[in-house]
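Structure in structure tokens, see below.
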Amino acid sequence: MDILGIPILSFLIFFPLAGAVLLLFLKKDETIRWVTLVVALIEFVVSLPLFFRFDSTTAAMQFLEDWWWVEAYGISYKIGIDGISLLLVLLTTFLTVLCVLCSWTAITFRVKEYMVSFLFLETGMVGALVALDLILFYVFWEVMLIPMYLLIGVWGNPARRIYAAIKFFLFTMAGSVLMLVAILALYFINLKATGKATFDVLELYKLGIPVGTQYWLFGAFALAFAIKVPMFPFHTWLPDAHTEAPTAGSVILAGVLLKMGTYGFIRFAIPLFPHAALELMPLISVLALIGIIYGALVSMMQPDLKRLVAFSSVSHLGYVMLGMFALNTQGVQGSIYQMLNHGISTGSLFLIVGMIYERRHTRLIADFGGISKVMPVFAVFFMIVTLSSIGLPSTNGFVGEFLILLGAFQANTVYGVLAAVGVILGAAYMLWMFQRVMFGKITNPKNEGLKDLNAREILTLIPMIALIFLMGIYPKLFFSKMDVSVEKFLKDFRGKVEMKADLTVPKVVAEIKK
Amino acid sequence: MWVVPTIPPALYLILSGILFMIGVIGAITRRNAIVVFICIELMLNAVNLSFITFSRFLQSIDGVIFAFFVMAVAAAEAAVGLAIFVMLYRSRETVNVDEVNLLKW
Amino acid sequence: MKLPDIDLYLIAPEIIITVFGFLVLLVDVFAPKGEKKGYLGVLSLLGVAIAFFYTLPLVGTGKTGFVEMFAADGFAIFFKITILIIAFLTLLISIGYAPREGIGFGEYYALILFATFGMMLMAAGTHLIIIFLGLETMSISIYVLAGMLRGDQKSVESAFKYFLLGAFATGFLLYGIAFLYGATGSLYLKNIASYIGSKNLLNHPMLLMSLAFLTIGFGFKIASVPFHMWTPDVYEGAPTSVTAFMATGVKAAGFSALLRVFFTALPAFQPDWTSIMWLIAVATMTFGNIIAISQNNIKRMLAYSSIAHAGYILVAFVAGNKLGTSGILFYLMAYAFMNLGAFTCVILLGKKGEENTLITDYAGLGFKYPLLAASMTVFLLSMAGIPPLGGFMAKFYVFSAAVEAKFYWLAVLGMINSAISVYYYLRVTVLMYFREPEREITGLSFSPAPTLALILALIGTFYLGIFPSNVLSFAQKSIAGLM
Amino acid sequence: MAENFGILFQWLIFLGMAFVSIVASLLVITRKNPIHSALFMVLTLLCVAVLYILLYSPFIAIIQVVVYAGAIVMLIVFIIMLLDLEVELRSKMKVVYSKIVGVFLALLFLFGLLYSVVAKPPTGEIGSLTPDRMANNVKTVGESLFTDYVFPFEISAILLTVAIIGAVILSKKRT
Amino acid sequence: MLDYVWLIPLFPAIGFLINGLLGRRLGKGVVSVVGPAAIGLSFLTSILIFFELIGKPASERHFEKVIFDWVVSGSFQTVIGYQIDPLSILMALVVTGVSFFIHIYSVGYMHDDPGYTRYFTYLNLFVFMMLNLVLANNFLLMFVGWEGVGLCSYLLIGFWYEKDSAANAGKKAFVVNRVGDFGFILGMFLIFVNLGTLDFTDAFAKAGQLDTATVTAITLLLFVGACGKSAQIPLYVWLPDAMEGPTPVSSLIHAATMVTAGVYMVARCSVLYNMAPIAMAVVAIVGVATAIFTASIGFCQYDLKKILAYSTISQLGYMFLAVGVGAYSAGIFHLMTHAFFKGLLFLGAGSVMHALSGELDIRKMGALRSKIPITFGTFFIATLAIAGIPGLSGFFSKDEILWMAFSSPRGHFLLWMVAAIAAGMTAFYMFRALFMTFFGESRVDHHVAHHIHESPKIMTVPLMVLAFLSIVGGYVGVPHVLGGANHIHEFLAPVVGGGPEPGKAHAGFSILAQAWAAGGAQGGHSTALELFLMVLSVLIALTGIGIAYFLYLKNPILPKRLAEQYSGLYRLVANKYYVDELYQVLFVNSLKKLGMGLWKGFDEFIIDGTVNGIAYFIGWLSSLMRRMQTGFVQNYAVSMIVGGVILALYYIMRAFF
């Protein structure tokens, strides 16, 4: 399907870019805000048909576009979505709208540059999610870095924004450089085995790679993605980045950017290197488990709201990774679902923290207390989001978490049990935080005159809340989209793993052994 | 009847090498830039000796021609180099190489 | 006694460059004094442009001339195009920069043209004498150009150092050539190769020694560790436009000669040089990147960065395959755009009597001069290898060559270096966007010529990043005659 | 017999010149006064010129004397005088470790160099230019320069021009 | 009508939405109608459905209604679906019924609270969740209700969030419950992994496939969940703190309904439990231990609600004892009667508080019986019921438990004995509270004393209704031995079975039980023995009452002296055996310390330290290496020579190889 004669996915990628260019010619802040909002909204509306026109009976890539980019090298502009990326694309376009809304008054200077960065970021995110060519993916992957870097560094919290921005950039960069080498190695292995120069993932899926080589390549991919996720022990950039970023930056970082890591695993690392994934499953699962518990424990002691939420992200993404590496239907579906959930719950949490930050200009938990009294509406939203984050049944968090735990439990009982411990801790730190912020008497006189949420803020939060419940109560709507894709993912995975005996084209083995 | 062997090329080449290295040593030890430059000329001269030796023993004219161009280049370098020294002297009152280190690190 | 066939079309670009060089000198002499002499630059630009259009018809002819001493094969043409682009951009920025610094007289432009002439010879020469003479023409011009700012002690010092070390390196290069000659009896690159092949001279000590000497000589020109030491000092001290020219042009020409000599004359020794070059490549990248981190002068930082880039290019050289060689060509082209672009920004930030080359001078620039800062960011990011910019594609080809040749660790080290390099490139953007200025920089004037150069460099950087196909396939075709 | 004497004579000349040139060049790098260095340099150059004749290259020998010893060194001496550099003689030579290391390495390098020339004689293709044809090589050289090497010759012309322009522009007083 | 089972939870949900979204606009009046009415309608529906159900033959009393597919992932299929069978409808009746009255009571009790709307919102939500819990046809939906009621409990305990103690108590309740849920969730996983379904009907039908070890694990894990929700050792600590909530909440959630969910769940899974004797033994022992342990804590409490709380825990222990010995229907029976009288006790306590402006310390009460007669009367009835005085509901249910503990094949003399002692203790401390509150001299603060007043009708009517139920509630389960029909037992039998068949007890206490039987007590099933034990337990209860009378009415000084004499023991009991403190040290503090340590020590020091360390190292290296660039040309030349020598040596080496 085409929009203005442009295939829909290409439109989704480049429309924000066009919007960003348009912004460059505008002068007034207010106009810029509105234009950005309109661009984001159009983008979101255009992305909706993806959901409705998506054929959930097939696991094949849909809305496919495939042109050469650098033909001599086999680099193509190949994009398409399946059930896995579909939802993440929608999440991206959706969150961007909210981010624009929540930046409305929070960003007071250099609005144009801010909005341009944001739209640019959206291009990168959508591009990375739909790219089916490794180089294309890599390009978008890196493109995302710069606007995010600027968002943190320019509009971040003055105290440590530069440190955080650089840390963010270098961590991610450090991970991805090795991935590039691995991509190249993969390309040449394929070239030697099949004689076909291509970076097309779908083609590369078919390749049987010797197990020894798989380790290296998987390692390189996994490092890049693990840093992005972030998995323990590569997570330390996240608290800093989250804490220092402006609200919308945190939202989009938590909501989408982290998902790039997990998405990378599911789209690239696992299907390309199934044996290595299988063999390294215990390692990754254990790291994920450590992340779950570690994140929760550390989160508990954070004095800073955003930092707390950031560490909770570490914990939540631990679940995502655990579920994914359970490598069974429940685990993987739960994991994908949890990616969306985390985007929504943690995204909302950051929105909420941002709202209160805008009022008080502090994020220290100790500065609050008793806010419920003065901001009852806010309290309700905050409560719902908190509950979603701790996975209360009938909210989205529960469905994902439950399936992940179930998947993990099926894969390995001990993992399931340990992960379930995280559920307890999750409740503990979130509720404690909530209590300290919202409950008790107002001890700080500055908190007495706080205004409750205004219409714009409520408007920002309502879609989130609606989604929280919709996804918690009627998850089938979303599961039905990804069912087939996940099944295919698992089927391919199992098929390849079983193929171990006649794994490789002999030619490839010989090449590698040389 | 003894026959004195002709001078083997190796000896010329050894001489050339020694002269070259003397030039190198001079270039890295002397303080006066002009002497350093003289040493570099010595190096070029040593190379020329090699060229001529090869030319002689390989019975080809190329070496000689190359030596000719080397001399041309040496002359050109001398002109530019000495101009640079003069310029340096004008601005610093010295041509000592170890006093010229405004640019470093 | 018979004159060789003289095909002037073959050397038309060189002739045009030379003629315009003299023309500029003459016009300068006969022009009224004291006036602004922007037209000299325009005249030189015209020369470069005409030379460029005379180069284009040579594409694909693969002709040689002057007793096969001079080739117009694809390799040479590619490099000539690169070099002419570099010269063009350099002249453009010079039109803004040279008069500002009081060196905008005819000799300046003429020397740039002569240096370009030398570079083109290096790319085109298939005979060692041509290569040597080209190299010297280039070098001597640049010695002089580096010292052009006669009142500036740094400029003088830079010329002085460059000259002494350059002459010193020439000695080694010559010795290498002498040994090549002695061992093979020829100065033609092709003949050398075939002679080595026919006589199986692989273990000839003299040839091996000449490899060492040649590596020193060319290593000096391309600024590879440990022959790189002059680079930061000279780049810092020389007039910025000349620095830009050196960083791109000299490096490109140096690589062209290196490739030509090693791949055409000495391919048999590839196994020998691979491992030592591996070491040099790694050392070059690492030294350049690590030292660049602690620099506080942007020119000096870019100097170290240019050392690091030489290291990346050497990675492809080590790979030694077709991919690598074409990758080098592509890299140098991309590097020309991004580095010249960066230097253009440096120049645009300065004004008369105030160079503003400290990195701290860039603080707060991002919002004061948004377009300048954005361009600078683009160039720096491109150098850091961030897609979708030219630098990324360049690195991509270079490292893919290494991977293809199974130098996995080299590629990994290269990528790690590339990650380290991000740090100091980012530092500039950090200052530009995240920090408040420490002192006001005002009254910058964006004269049209450097601005044009900036735009061209931007276009080039983006073009090579987004549509690398054309240039890459051109590069791939170009190396056909080389290997 | 006569040949023997001729050859013996060549040996004598060679050894003598080699010895003198080495000694002279050592003096070049050890004399403190740059003028002395320059003059010993002339001596070295002259010795080498003699060797060129021994190698049947009178043309180069002449050029050596005329261009090198005559022009370049005179230029050098002239500059030394002009800049009045003898004053600096009194400053003593600083011992820098890197220089010692450098000297040591240079000697090491020399051994490599010597090994490479001794291990195998020049193996290049033997051309047609026998010593007797070489003997009057002024003509041969001339012919070569203006036929096969006409292009390099033209380049060297430009090179020299560049050098002159450079020298002039650098050494003229500030305008 | 059965088809409309979804109406039962729907009404409270609608009430929740109306109150929650619009309540503040609609005003108190509407809220006071909507809140109770929603529950009332639900109650009404339950009654209708109940009658329809009992109209059917016993074997057909099972109905399921699937609303829609819920979580569907591969082979994992769950629905939102409700089921009606005797057990669930009974629970629904109890829940909606008691809730209804408590809602009405709340209209009066909470009348002046600023959070009135919020209160009813939460309360409706609670009922909705509770109904999900009891009506669910699968484990997962049950779990939704399970956590949902936990949430409401959290919200309502922390209702007066401005009080730190309330907020803390709420959080504690939630987290401790989560610990239990942890077990529940793992239990569900085991069920799914082994049976491939979470549907009750399916799962229980397939339960035969399970081996003993698995089923034991499943049941024990589920029991962990029950422990959390129903406040059993070791997870009981949250319930006393939960008294921070408004009193009707304590009554509804923390006495009548939510806390009994664990009992319901065990009864619901009776099929599984019957297969796991060890698990049943654990349940019984934990139950009885909780019963006596918390009863002893009740001795030394002075907070009226706390006493009731410990009493609740103790009574819940009874229920677990019942289900643990396989007397599921007895457990449910006690659950029901307990809902009546304990609900009543709490409401009465609320009424007392209402009269005394919120005073809860029984040391500051006394002689209230004449001033608030209705409250006193109803409270007294409830106290009699809980003490197990014959004729009242508590007597029948408690006695059945005691009897089953003794006679069931899973039972044991010791279980009976401990339970009987606990019953005596219950009678003691309940009467202690009663006496101190309503009898003796008034110790009320004088400025409170003059406006002591009886509660309004809207509060007293529910009291009276519940008092009535506390009296008659027991007559649905009059044991056969007293000539009753034990209707409730029969009614529940299709769901929970008749308990384990005698003689089939093959593990757990069986050996002991057989020994007991062999020891001559084989009259276990004889009517005489049953009657004897019944009388014995009544005597024990009366003894308890007598002691209470003696200590608190006759010799009010004595308790103090006793406390002084055995001060160590007294302090131990008065401080609730320091369990809270122990948990604080063991879990809370150590986790906090661990968290802090990981954050500062691992995250910031080791990981960030490493990363920054590398960065610093490179920076340091950089500043070091740039010094190599000395600025002296000759050094540069030497560097070239170094490179040259390396190259030369390398290449010459190559010549040799």
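All chains are identified by letter, namely A, B, C, D and E, in their written order; residue positions are counted from 1 within each chain.
Here, a contact is a pair of C-beta atoms (placed from the backbone, for glycine too) under 8 Å apart; a residue touches a chain by one contact, two chains touch by 3 or more.
Everything numeric in this text was worked out from a predicted model, so none of it was measured.
Any chain that touches subunit A and also touches subunit E is listed here: C. Considering every other chain in turn, the ones in contact with both subunit A and subunit D prove to be C, E.
Interface comparison, B-E against C-E: more C-beta pairs in contact at C-E. The greatest centre-to-centre distance from subunit C, using averaged C-alpha positions, is reached by E. Comparing each chain's Cα centroid with the centroid of every protein Cα atom identifies chain A as the most central.
Placing every chain at the mean of its C-alpha atoms, the farthest one from subunit D is found to be E. A straight line joining the Cα centres of subunit A and subunit C is 42 Å long.
Separation between the centroids of subunit C and subunit D, computed from CA atoms only, is 31 Å.
Taking each chain's centre as the average of its CA atoms, subunit B and subunit D sit 6 Å apart. Centre-to-centre separation between subunit D and subunit E, using Cα means, comes to 104 Å. Residue positions of subunit C touching 2 or more other chains: 129, 133, 136, 140, 143-144, 147, 150-151, 159-161, 164, 168, 179, 181-182, 185-186, 204-205, 208-209, 212, 232-233, 423. The set of subunit A residues touching two or more other chains comprises 170. Chain contacts: subunit E has residues 615, 626, 629, 631-635, 637-638, 641-642, 644, 648, 652, 655 touching two or more partner chains. In this structure, the chains touch in the following pairs: A-C, A-E, B-C, B-D, B-E, C-D, C-E, D-E.
Subunit E makes touch with subunit A in their complex at residues 68-76, 80, 140, 143-144, 146-148, 151, 154, 158, 161-164, 166-168, 170-171, 174-175, 178-179, 181-182, 185-186, 189, 192-193, 591-592, 594-596, 598-599, 602-604, 607-608, 611, 615. Residues 626-627, 629-634, 637-638, 641 of subunit E are the ones that touch subunit B when the two sit in their complex.
Interface residues of subunit E, counted against subunit D in their complex, comprise 632, 634-635, 637-638, 641-642, 644-645, 648-649, 652, 655.
Subunit C meets subunit E in the complex at residues 160-161, 164-165, 168-169, 172, 203-205, 208-209, 211-213, 215-216, 219-220, 225-227, 229-230, 232-233, 272, 276, 287, 290-295, 420, 423.
Residues 167, 170-171, 233, 235-236, 239, 294, 297-302, 328-330, 333-334, 370, 372-373, 387, 392-394, 398-399, 402-403, 405-406, 409-410, 416-417, 420-421, 423-425, 427-428, 431-432, 435, 438-441, 473-476, 479-480, 483, 487 of subunit A touch subunit E in their complex.
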